[in-house]
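Notes follow once the structure below has been shown.
Residue numbering begins at 1 within each chain, and the chains themselves are lettered A, B, C and D in the order written.
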Amino acid sequence: VPAEITLSNVEELAAEKLDPSWYGFYAGGAGAERTLRENVAAFARWRLRQRVLVGVERVDTNARVLGHDLSLPLVVAPIACQRPAHKDGEEGMARAAAAVGAGFCLSTFASASPADVAGAAPHGVRFLQLYVFRDRGLSDELVAQALEAGFTAILLTVDLPVVGMRDRELERAFVLPEDLHTVRVARASGSGTDGLALVDPTIDWAYLDRLCSSLGVPVVVKGVLEAEDARRAAACGAGGVVVSNHGARQLDGARATIDALPEVVDAVGDRLEVLVDGGVRRGADLLVALALGARAVLVGRQPVWGLAAGGERGARRVLELLREELEITMQLTGCRSLADASRAILVAR
Amino acid sequence: VPAEITLSNVEELAAEKLDPSWYGFYAGGAGAERTLRENVAAFARWRLRQRVLVGVERVDTNARVLGHDLSLPLVVAPIACQRPAHKDGEEGMARAAAAVGAGFCLSTFASASPADVAGAAPHGVRFLQLYVFRDRGLSDELVAQALEAGFTAILLTVDLPVVGMRDRELERAFVLPEDLHTVRVARASGSGTDGLALVDPTIDWAYLDRLCSSLGVPVVVKGVLEAEDARRAAACGAGGVVVSNHGARQLDGARATIDALPEVVDAVGDRLEVLVDGGVRRGADLLVALALGARAVLVGRQPVWGLAAGGERGARRVLELLREELEITMQLTGCRSLADASRAILVAR
Amino acid sequence: VPAEITLSNVEELAAEKLDPSWYGFYAGGAGAERTLRENVAAFARWRLRQRVLVGVERVDTNARVLGHDLSLPLVVAPIACQRPAHKDGEEGMARAAAAVGAGFCLSTFASASPADVAGAAPHGVRFLQLYVFRDRGLSDELVAQALEAGFTAILLTVDLPVVGMRDRELERAFVLPEDLHTVRVARASGSGTDGLALVDPTIDWAYLDRLCSSLGVPVVVKGVLEAEDARRAAACGAGGVVVSNHGARQLDGARATIDALPEVVDAVGDRLEVLVDGGVRRGADLLVALALGARAVLVGRQPVWGLAAGGERGARRVLELLREELEITMQLTGCRSLADASRAILVAR
Amino acid sequence: VPAEITLSNVEELAAEKLDPSWYGFYAGGAGAERTLRENVAAFARWRLRQRVLVGVERVDTNARVLGHDLSLPLVVAPIACQRPAHKDGEEGMARAAAAVGAGFCLSTFASASPADVAGAAPHGVRFLQLYVFRDRGLSDELVAQALEAGFTAILLTVDLPVVGMRDRELERAFVLPEDLHTVRVARASGSGTDGLALVDPTIDWAYLDRLCSSLGVPVVVKGVLEAEDARRAAACGAGGVVVSNHGARQLDGARATIDALPEVVDAVGDRLEVLVDGGVRRGADLLVALALGARAVLVGRQPVWGLAAGGERGARRVLELLREELEITMQLTGCRSLADASRAILVAR
């Protein structure tokens, strides 16, 4: 009999089903994967205060995130190209996110289009992750499609002026397939189709400034690890930042995101929404991030392992487990709602 | 030939005999099992001062615990449902505890009734671990049975307003069997029988206050890790606290109990008895806990492995080894009696 | 199908091709290999600051090293006896270095002569690593050959007054083969041929002083880990120092080179060029070393694994990967050129 | 072909030859073997300063230890019962020690008598390790035999008032054989023969005081880890102390000996000779101990592995390797003689 999915075994269950190249693509990090390990290890260093006899029966996990009331302060991270993990693909993942009250962020390099996602989960909260291409028309077209399909925020990725060296991909000469939505759009418009190579490395703070002024939805700067960069993002009018090292796929040696989060929160937490991703494996990790000031948490690999292991149902199960463990952890630390999730629930270091 | 039981190999000997689901139930912890590992690792970080030429031939391990003179400052922890470990069950464990001069604490979810235990080890010191049910009549009935059977303290578990996420159980869809004493009582009285789900998450300090006033025996609050909570327990009239994270089965990320112990002792050690559990694998761990101010130490997994490996004899052997190693460790640190087991025998950190 | 070479798998690919004795020779360190592990671990402890929206498309890796403009601040380290790794030997390695704009340093115990190397890569930057022999005539002859062949600096190894205890070699009774260039020269001149045993342990600061005055090219003192020794080297007129523990093959227990580098830079960085080697496995390590003040970095094992795995092409691929990852790391930390690689890009510890 | 013995592989070579019970006896430690691992790990934490161009060709390892000029500051530790390791037994080990200029210490529970050892290595420096028995006549007889046979110091073991819990022995119900010299003496005199159980746990400082006054040779107190105990030993007239935790076979949780050494040296180093044992695996460890103030170092397991792997020749090879690595380490840290081995050669922590 197959094992039930847990947050401990889901990566292994997924690895058994996935082609090794695809497993390496989703799992791998940059360089010697020092930051990949550190992202996880940094969460494990935090200690939570166990509080008792609080008399709490139900906890409230509602959060307001980028203008939406989410019943779970979690956003499924923009993992590229989810169809090869399971035929349910991004549509299934978006449905799973909506079912648990989480947000969903679509990758620029998704298997599905914004309209596909909107059709699959019309009531879900959805954001678009954006790479800016040298061919700005292509980026503009993707944004237009997303806004048309009811996407309500743009998460601008800024930590990929060049692609990190990912040895698991290099070793197997892995390349993304051609049937990605963005590639189809690019081909239709006569743009090149060479994936990440098309990303424009020259975008800068001036570009961000213009983008924030011109779009009618919040721009969230994804990939900020330094307080100074967060302050510049705020000054440009960004609606938020994601404290991120791109899931440890870009700069090997970058700090763990949960180590960088407090400085960013202290610098700009009163001016914009601070989100975080990287290394989140458990519901307790969610609470640590929230206690350190994150408004919501992006989680990528765990739901993708759920998708690979069991399609939409598997992804949903993983998200339900994350919710359940968040609730348990809140109850055991005496948090009635996320407003109680302050640094006081953590043991100082 | 089978290996002799040691404190090093007993878990492995037990695992060979146990059904994997039951091994997972007894061994597992919550979440990513960070606290499970940390409970053990925290003991290993302490260093004891080796003292020589003290001229001590025999050491005295007598301790006064909750009104009893124990010849060993150890209480067998309330591990649920011990019959599946070995047919000797809780009765065998209680006899083993009595044989070595230790106390025995019966779980609310035991295979045996308080009367069974009293009959099996009539001269043993026995306590009842209590979960408070939504159906208070059920809790009251259990307490009444225990007091009737000569149990002399109630260890009120307060760190389980909700059950921790235990992946080893989830993976195999493990559930406790129906033939537990409490379930039989509940069924007879028409209460529900859904185990831990029946526990009342709303009990609070006011409840504790009433319980301490109304019971004729000491109430020991089990599951305290914070000095502030210990002070409230003292104010409510508790007879003691157990510094515990429920064997790392509830809040993953909680501090190691031996790390939390000194603060609790400093806060309330002069007003009530402080006990501790979690991560104890060796007799030297007992001495570290006592040196840091614990009155006695609850030990669960090691005796259960003994029970699984060799029934009552196996459990007793484990307890004898713990006693023997405690005595050796006292002798090598120059402690004639437990009064000598102060922080001075530890290397300051 | 064979795996593509990456900086993660190249040692394993090489080990599959090499005779175990030769693998042990290239891979091994002294003693319990504490320093061998520490050299690598110390790099992994550094954290780099991820900076975003810098708008940099191309980074400039040019550096001036010992009078040469290198397009990559890397010198292939003087690994002894490279022919047994692959028939392409030192000639192939020198060509690989020249192809990527790196320098090449020939070992005293090379399979090839200085003239061979000059012939193979006439436009490459080349240095000679020098052991001083008891028979000074032999050392002088080697230097003369190197200068004649256009070598432009002498890296005087000072951390081998005696050979370290290398258990991997001892276990297999490994000895260097007789067909080394230096052995051929020694035999021709009637000197002994017993390899490292011929090295003169009595050379001292006075010798260095004379050598610096008498040679027409810079003398770089290779094997300095202490600021005081670096200051003496500067006082003797050395053109540079290499912060080195001989690839952890000499003093087991020596500090990691990257731990020693800052002190040496602070002591003499304004008076001579400070290079470093030891533990470099990734392009990110190069940037850490440069940020801490190294002018260039010697790298040995990684290119040798490339040579063993795929001859000159393999060595070149490894060097290309190191360059590529250096460039990526510069871009992700916001360094336009190596002038930007200051301690400010590192997270302070 | 069999591998050559190295300090890295000798334990493995021995384990292949030894009966598992005997391997467990020699290798094992007390309890969870925390101190066993820590003894070794603590040496690995020290860093040595690499110094260059010192111009030293030969180093001088001569030391004056307990009235003798040893050409190597090493004493083979009193490992019990060496005949089962190899038929060459203690006689072979004593010859090996003498051959390299080291001292030899005979165990109270040796396979051979003092006279056997004196006959085998008449020119070797030899000490007796002494357990004091309840039957003082037995202890006196052993001391008398040793003095008669030219033993020149008594190493009084004080850290064994009771035997540590050694799980490797318990698991296999290991007991020392009957054909030990002391057992033969005991049987002849009508004393009991139950090995370590005969040791008198009540000896104290007063006993030490009398012993120091009554013996004509130095009494060295073996098993001191605390400065206060060292001062008392000095006050009693001891000729030395051995900073020791009995090879981690007694108090699990005791500090690593090399961590305790500096305090003991600071307390009594000017009044008596401080020796140390525990965790020494390499020649570099010897130099660390000497630099921290030890007069000489007792080494047990490594020579016993050599004995098991290759008899007297094997033991001698191990001792030669330790000497050779000590010399190399001195040369690479710029020590001409042991007088140069001060704390200045270590990197401060």
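Before moving on, here are some points about what is shown:
Assume a residue touches a chain if its C-beta (ideal position, glycine included) is under 8 Å from a C-beta of that chain, and two chains touch if they have at least 3 such contacts.
These figures come from a predicted structure and were not determined experimentally.
Fewest steps needed to get from chain B to chain C, stepping only to touching chains, is 2. Rotation angle, chain A onto chain B, C-alpha superposition: 90 degrees, expressed as a multiple of 5.
Using CA-based centroids throughout, the chain positioned farthest away from chain B is C. Interface chain A/chain C: under half of the residue numbers present appear on both copies, so the contact uses mostly different residues. One simple way to say how far apart two chains are is to compare their mean CA positions; for chain B and chain D this gives 42 Å.
Chain A and chain D have Cα centroids lying 59 Å from one another.
Looking at chain C, one finds that none of its residues touch two or more other chains. The touch graph of these protein chains is a ring, one cycle where each chain has exactly two neighbours.
Remark: the chains found to touch one another pair up as A-B, A-C, B-D, C-D. Listed in rising order, the residues of chain C touching chain A in the complex are 3-4, 6-9, 44, 46-57, 281-284, 288, 321, 324-325, 327-329, 331-333, 347. Across the complex, chain C meets chain D through its residues 31-32, 34, 158-159, 161-165, 167, 170-173, 201-205, 207-208, 221, 223-226, 229, 232, 245, 250-255.
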